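Okay, got some structures for you below.
In the two complexes below, subunit A is the common chain; its partner is subunit B in one and subunit C in the other.
Up next is the complex of A and B:
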C-alpha cells in the first residue's frame, strides 16, 4: 500500500476510536453507579491505548508502543483494581448525585464538545497533514468534559475519576500532536498518575474515616 | 407508462404483503429468542398470528364514556403505520410510495398514529389511559428531536430527505457506518428505536400488569378486533423502525430496483438483517433492567446529544 493511503486509513481508525473515547466520556457523565463508572474509565483508557498503538504503527514510532503498554498496565489494570478495592473497603452503596441533573449535564457535555472542536479548528493547518486533527478536538473535549465532571460531583472518589479522565484527554492531545513525548517523560507521567491515584485513594479513605462521608462540601467544617 | 404503473402496483402489493405478514413474525421471533435466552421454553414463533386471529374473532366491549375517537383510532393508527411502511425502502432502494414524501412524512405519519392513540387513551375515561397517554407523550416529545437529528445526519450525506435517495446513496458504501458521524447517528437512532417500540429499559412489552407501563396503559380499554388492529399496527411500527435503521446505516444487500432475481436476494438479506437486529434487541432486553420512568429522560438526553454530535460532526470530520 502507498504511504498516503496508509496515512488515510490510520487517520480513519484514529478518528473512529477517538469518537468512541468521546462517547465513553459522555457515558461517564450519565453514570450513577461508581463501579460502572470505574469500568467505563478502564474501557476508555483501553481505547486510548489502542489509539496510541495505531499512531505508533502508522508513524513507525516504536517508542509510542511503550506508552500504549504503560497505559494498559496503569490505567486499564492497576488504577481500576485499586479503586474497586477502595469501593469494596468503604462499602459505597449509594448512587452518585451530580449537582446539575443528568439530562442537563449531558447537554452541557455536548456543548463542551462543540467548544472543543472550535478551539481545535484554530490549531488546524491544512499544509501540515497527518494524524490527529480530529483527535486533538476530541482531546480538548475530553479535557473540558472531565473538568465539568469534576465540578459536577460531590463525592471525592468520583472527582478523582473525573481528574483521571481529564488526564486521558491530556494524553490524547500529547500523542496526537507530537506523536509521543520522549519515553522518560511518559514514564514520569505514568508514575505520577499511579502515585496520584494511590495518594488520592488514601486521602479519600481518610476523608471518609474522619467525616463519615465522601461529600467534599463537608470539608468546610475544618474552618472551625 | 402503463407498464411502469403496473410495476409500481406490483411493488406496492409486495411490500404491503411483506409488512403485514412479517411484522407479527418479528415480534414472535423476538419473544421466543428472549425466552430461550432466559432458559424458558417460550411461545411458538407463530403465536402473534394466533393471537391476532383470536382477537379478530372476538366480540368487543366499548366504554360508555367513549366518543367517536375511540372507534376511529384503531383504523387511523393501523393505516397511518402501513402507509409509513410503504414509504420506506425495504427490499430495494426505490420505496413504492417514495414519491409521496421522504423521511419527514414517515416520522409524521407515525406521529399521527401516536397522537390518536394518546387521545383515545384519554377518551376511554379510565385513569390508566390518561396516565399512559401522558407518559407516551413525555417520551415521544423527547425521542422525536433525537430521531430527527439522527435522520438529518444521514440526509445531509445523501443530499436529500427522500428515503429513496438516502438508501440509494448508502448502497455501495457498506462500511461507511464506521465514520464517527454515522456511528453517533446510528447509536442515537437505536436508542430512539428502543424508546419508540417500548422495549425494556423504557417500557416492558410483555405485560400489562405493571404500574409503569406506557403503551399497554393507553390501550387497556380496547378489546377484540380493535385491539388486534392496534397490536398489529404496533408490530408493523416496530418493523418499520427496524427496517429504517438497518437500511439507512447498513444497506448490505439492498437492491437498486425491484425486479428479477435481485428482489428475492433483497428479501433474503432483509430477513437476515432483521434477525440480526432482533438478536441485538433480545440481548439488550435481557441484560438490562427496566428503568424508572423518571430516568427515561436521561437515556433520551443521551440520544439527543449523540444525534446533535452526529449532525455537527458531519461538518467537522
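Up next is the complex of A and C:
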C-alpha cells in the first residue's frame, strides 16, 4: 500500500471518530441523568483512545499506543467506576439541573463549535500533510463546550465530569497536532487526571458534608 | 578563575543558607554557620569582582540550570563588578559584626531562619548586580525583595514591625511592576531578553516610547532606592529591622535601585535627551534636601539614619542627572566626572552608612532604646563604638579628609562646571543644584553634631544609658573595618579613582582618571577649566601637624596635676542630666526656619495642685507633619480603598460566575488571535 493513500484513509477514520466524539460532547450537554452522563463520558474517552490508536498506526508512532491504552484504563474504566460508586454511596439526586435550559445550551454548543472551526482554520496549512485539520477543530470545540458545560452545572461532581471532557479536548489537540507528545508528558497528564478526579471526589464529599449539599452556589457563603 | 571564584561565593552563601536553616535548633551553631558562610562568601565575591573590574573583557558565566525561556547567566562587566565589590566589602564587615550582634538573640529568636534569609539576601544581591538578562534579573530582584521583607519583619511580634514590612512589600512590588513593563517594552523592541541586546537600544526607539520607558525605570528603581516621593517605606522599615540588616538594607539593598538606573541610563540609553537628566537632577536635589530636613527633626537614632539614606541617594542621583545632561550636551569628560562622583558616593555611602547603622546597633543593644533623648555619655562606656560612629559621622557630613568629602566635592565640581556647558536656560539648573547640595551638606553636618553629641557626650540621660556596656569584640571589629574603609577611601582617593576607568570607558568611552589625578597622585582635580584642586592626604597632614601643635604643649603640661571642678550652675545647686541640652532643643531653630515644611504642632499641658504658679507636672508634646505621607499617600490610599470596594461587585463568590469570566476572556482572546 502506498503511504499517501494510507494517510488519506487515516484522515477519514480520524475525522469520523472525531465527529462521534463531538456528538457525544453535545450529548453530555443535553444529558439530564448523572449516571448516563458518566457513561457518555466513558464512551467518548473510548473513541478518543481509538483516534489515538489510529494515529499511532498510520504514523508509526508506537508510544501513542501507550497513551491510548492509558486513556482506556483511566478514563474509560477507572474514573467512571469511581464516579458511579460516588453517586451510589452519596445518594446523589440523579437529575442534573443545568443553569441554562437544554435547547439553549445546544444552540450555544453549536455556536462554540463554529468558534472552534474558525479558530482552527487559522492554524490550517494546506502544504502540511497530516491528520490534523478536522481533529484540531473538534478538539477546540470539545474544549470550549466542556468549559461551557462546567459553567452550566451546579453540582461539583458534574463540573468535574465537564472538566474531564474538556481535558479530552486537550488530549485530542495534542495528539492531532504533534502526533504524540513525549511519553513522559503523557504519563504526567494521565497521572494528573487521575489525581484530579480523586481530589475532586474527596472535595465533593467535603462540600457535601459541610454544606449538606453539593450545590457549589452554597460556597458563596465563604465570600468575605 | 573569576568565574570559579564568583560561583564558589554563590555556592558558599547557598550552603550557609541551607545549613543555618537545618541548624535552627542549635542557636550557637546556627549563628556561627550563618556569619561564617556570609563572611566567606563575601570574601570570595570580593576577590572575583575585584579581579573582574580590571580584567579587560567582561566575564560571562552560565549557571548550570536549564530553562526554556531564558538563560541563567551572569555577566561581570566593570559596572556589575564595582557594585559587587561594594556589596562584598560591606557584607564582610556586617558578617563579622553579626558574630557578636546575633549572640544576644540566641535562644530567644529563630537564628536558623535569620541565617537563611541573611545568606539568601547576599546571594540574591550578587545576582541582581550581575544577572545578564531581564528575566533572571527580575527573579533575583524578587528573591532579594522577599528575603529583605522577612529580615525586616524578623521581630514580628511588634505591630509596628509588621506594618513596616507590609509597607515595604507593597512599595517594592509597585516598583517591580513598573520595571517589568519597561523591560517588556525593551524586549519587544529588541526581540531578546538579554541585556547585551538592550545596549544603546532605547535611543533607537521613538521619542515618546523612549521617555515612557525612562520614567518607568526611574520610578521602578526609584522605589527601591528611596527617591522622594517614593521614599516612605525607608524611615519605617530601616529602624525596625535588626541593626545588621539595617546596615545591609541602607548600605547596599537600596543601591540595587542605583545599579539599575546606572545600567539603564548608561548602558541601554545612548545619548538621552536633556530633559531626562534634568528630571533626575531635580529629583536628586529634592531627595537630598527633604531627606536631611526630616532627619534633623528625628530623635530615633535609626530613623534618623534612614532619612539620611534618602539624602545620600539624592546626592548620588544629582551625579547621575548631571552625567546624563552632560552626555546629552556632548561633554564626555564632564559626564565621566559626574558619573565618577555618583558611583564614588555610592561606595562611600555603603561604607559610612553601614558603619553608622552598625554603631547605632551597638548603642541600641547596649541601651535598649532607639530614642536619643534617653542616651548620653556613652563615649565613656563605649569608647570604640563612639570613635567608629564619629568617623562615620564625619564622613557622612562631607568633612575632609574622609571619603564623603571626596565624592561630594567631585559632585560639586561637576555641577559648578555645568553652567558653562550650554547657553540654554537649563544651565541654571547647575548652580541651583550646586547651592542646594551645599545647603544639604551643611544641614547634614548639623544633624550629625546632634546625632553624635546627644547619645555620646554629656551625662547619661537614663539608667540604661548609665549601665551601657561596650560592644563585643566581633562587633567592634566589624565597625573598625568600615571605619578604616572610610578613612582609606578618603586618603586614597587619587588611587581609587582609577577603578572607574573601565566603567567610564564602557559607559561613555572616556578614561577620566588621568585628568583627575594631579601632582603625582597626591591631589585630585576635576580636570575642568576653573575647577579647584584638593588633596585629602595634604589636608590630613595639615590636621596632623595642627593637632600636634596643640597636643604637644598639652602633653607637656599633662605632667602637672589636672583639677576637676563642678560646672557653674547659676547658683542653683544640683544640676542633673535633665538639665542637659536635648536633641529637640538643638533642632528647634531649624524647626522654626523650615516651619512651612514641617508644620510643627506642639502641645503643653500643665497640671496644678495648689497654685497656678507651681505646676506639679508638665506634659510637652511636639510633632511635625510628614507632608508626603499625609498629602500624597493619604488620599491615594483612600482612593485605592474606594476602588477596591467598588471592585467587590465582580467577586460574586460563585464558581460558575468565575468560570464564566475565564470562559468569556478565553473566547475573546481566541477570536482576537484569529483576527490579528
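Observations, loosely collected:
Here is the rule we go by: the second predicted complex is superposed on the first by the 221 of 224 C-alpha atoms of A that agree within 3 Å, B and C clash if a C-alpha of one lies under 4 Å from a C-alpha of the other, contacts with A are read in each partner's own complex, and residues count from 1 in each chain.
Throughout what follows, a residue touches a chain if its C-beta (ideal position, glycine included) is under 8 Å from a C-beta of that chain, and two chains touch if they have at least 3 such contacts.
All figures in this text were calculated on a predicted structure; none of them were measured in a lab.
By the touch criterion stated above, A:63 is placed in contact with neither subunit B nor subunit C. When both complexes are overlaid on chain A, the residue A:85 reaches neither subunit B nor subunit C.
After overlaying the two complexes on the shared chain, residue contacts for A:159 are found with subunit C alone; subunit B is out of touch. Of the two partner chains placed around the shared chain by superposition, subunit B is the only one that A:117 touches, whereas subunit C remains out of contact. Applying the stated contact rule after C-alpha superposition, one finds that A:144 touches subunit C and leaves subunit B untouched.
Once chain A of one complex is fitted onto chain A of the other, the partner contacts of A:99 are limited to subunit C, with no touch recorded for subunit B.
The intersection of subunit A residues touching subunit B with those touching subunit C, taken from the two complexes, comprises 121. Residue ranges of subunit B in contact with subunit A, taken from their complex: 178-180, 183-184, 187, 297-298, 300-302, 304-306, 308-309, 312-313, 316-317.
By the touch criterion stated above, subunit A contacts subunit C in their complex at residues 99, 115, 118-119, 121-122, 140, 144, 147-148, 150-154, 159, 216-217, 219-223. Interface residues of subunit A facing subunit B in the complex, by the touch rule stated above, are 12, 15-16, 18-19, 22-23, 26-27, 30, 102-104, 106-107, 109-110, 113-114, 117, 121, 134, 137. Subunit C makes touch with subunit A in their complex at residues 651-656, 659-660, 662-663, 666-667, 670-671, 673-674.
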